[in-house]
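Below is one structure, written out as structure tokens; the observations come after it.
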């Protein structure tokens, strides 16, 4: 049974359909890349899954629970966490505090942070390579560091499913490779990953499968090599039609 | 780099920066002796301490990201509750002051019903308008509140028995001073606890990035409401203390812009991202205003506050103490950071 | 009785619209709140009062003087605002709050806390018009307010500068791309706002007591009508002004004069409760 299942999911903003009849199943332990050109509806899909917006129609199932209309903090309780397209660190708080906040609200209620909370937070900072900056103020980090902080913070909630939205935007090729290694290590911890990656630099490296959207519709799904050869996908990204002969290169 | 044993800042130990303020605390503790019998000096500092508590209370709400321009609503309701309970029903000050806090909480609940969806500047404007409601009601409901005539002859701050004696704190400037100082220190300890707790972390997270906080499982509205209620509670208590301190209140005064502006100015100029900044600003600016500017300009000396807030927002947005403590404001420290 | 309320409501309401007009313009163009706007109104009134009382200058000649003063203050404020960082709305609120305190204390220093008023006996007399009684004061207020509003409307619709202002209000970035000097438009908005409030001030001093803290009410009124109207339409500002004027006049008749001040506050809170994203109605991204 799929970990996450999207059933005929649709979203309309005013007169404009952002998503149309999306059907998709995400298996546990997978890394799935969500790809497509700008405006394809990728972030909207994430927003629907995490409860920031309500679908116009369709359903979302997580571990056989209907989470279609749940609110963000409820979604988080079920075990789904996300990062955002533009990094949103708690700017005036320290790096360590950022991750601790991720830790302390995902379980039972306590009055004060416990030593175990802080220890876990430090371990996560090690994982993402920010342990040396635990006392730094989050607002002063570089872009790459902020994205890694976002990741550590989201991981602190111990999610079953992690949605990463454009986590390598603006990264150098070396940083992308490091991010790919990091993502693999996250998967090894037992987290299923759903990654939005407009430029494909990360998705093609790490994904088991891809889901391709264009103008709110699913245009392809499957192994990365197959999806990237799909004519519709190529047309969506390049805006041109390719003949069969031209395509096989 | 060695990593120390990770703990959150132990609560019994004050943070290093605040140790620098110990001499100040010592001065405050013995001020009546230093004042050399001058009632006026004592009264100014008593007032400054009271405004410090109001600023601390205001800042509880500000930590959650909501800036209030109308805290006089809570202060004034607290003052009037204390005043009316003691005048009409003869309730002792020990009881009227907590009741003042509770009445302010009730007003805060009403405010929440109207304002819970508002953020930023619109929330601030709503609070600016909201204070008119208790003000006009108090001003006009003569039967209950004696209207614009105000309440005169209010009893003083409470006393307590000790052995055979009864220490009537309200009877002397010294007694009043220590009462307010005691309240101030208590509130400071409480605010420190709040800042250091998970509640404080949640409020700061909400202030910084509400959407991210929501996505991490923080129930944003619940925490914002809690911050509002706590802020109102202590503002009301301060109002009650004020009524028993000055023993005369009237609507224009306790609901006026003065008590809405002052906590905001002190908190922002002191440093609204710090714990003690608001209180420090109160203890510096108010005496400065009273001792220096008031004699020079009997009318209009409060322009000082206008100048200070403008300069702060333009040039020192984290406030004076906030600027001094930059980089050291974290609640959670491990051994490797000082 | 209700005819009195109607007359009073429209007269007062038109004046309120005049007061709100400058505020709305400044907010629309620069996205900044000027919490000192009411204080500027009172200041303009004080200037007119002082000239009229001390030097016996006729009321009409005090208008230019009042405008010069408000222009000076508004341009200083614009300079202050231009140094602000994001969030503009919140920061401008706090800075102008500080300026309001400054102005209040300044006026307290120069004019003391006594209640002042420009007394023009002619204004208290009146005339009948189709069964309605109108004092000359009310008539002047109504006529002048509507006249100035109409002139502003013509300015916005039919002049080059006005079109630039409207473009900036609609979309700052597009306006900039179209070659409009957006920061210049900001300065222009402040200048026009200053002129409008400078005109309203002496009028205010004739119909209302002048005292240092009188500004808060005026600011609340300006904010309320601006938020009611949303961005862009002078017609909505007029409607909002009339509604508020009518609400206040009704309150005076039904409850008593001292309840009047509550109306603008109640209206503002209700508006904000219904429209939590304020004037521009943007969803939080």
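Here the chain labels run A, B and C in written order, and each chain numbers its own residues starting at 1.
FYI, a residue touches a chain if its C-beta (ideal position, glycine included) is under 8 Å from a C-beta of that chain, and two chains touch if they have at least 3 such contacts.
Quick caveat, the model's predicted, so the values are computed rather than measured.
Taken together, the touching pairs link the chains end to end in a line with two free ends. Look at the CA centroids: the one farthest from the centroid of subunit C belongs to A.
We define each chain's centre as the mean of its Cα atoms; on that basis subunit B and subunit C are separated by 33 Å. Rounded to a whole number, the gap between the C-alpha centres of subunit A and subunit C is 49 angstrom.
A separation of 43 Å divides the Cα centre of subunit A from that of subunit B.
Residue positions of subunit C with contacts to 2 or more other chains are absent.
Those residues of subunit B in touch with two or more other chains are numbered 211. Shared interface positions of subunit A, defined as residues touching 2 or more other chains, are absent.
Looking at the complex, you find that subunit B touches subunit C at residues 67, 69, 114-115, 117-122, 124-126, 128-130, 132-133, 136, 139-140, 211, 256-257, 261, 264-265, 268, 297, 299-303, 305-310, 313-314, 317. Looking at the complex, you find that subunit C touches subunit B at residues 33, 35, 80, 83-85, 87, 89-91, 93-95, 97-110, 112-113, 213, 216, 220, 223-224, 227, 256, 258-259, 261-262, 264-266, 268-270, 272-273, 276-278, 284. Those residues of subunit A that touch subunit B in the shared complex are 50, 52, 71-73, 75-77, 81-82, 84, 88-94, 96-97, 100-102, 104-106, 109-113, 115, 118-119, 122, 132, 134-135, 137, 153-154, 157.
Of all the residues in subunit B, the ones that touch subunit A in their complex are 1, 3, 6-8, 196-199, 201-202, 204-205, 207-209, 211-220, 273, 327, 329-334, 336-337.
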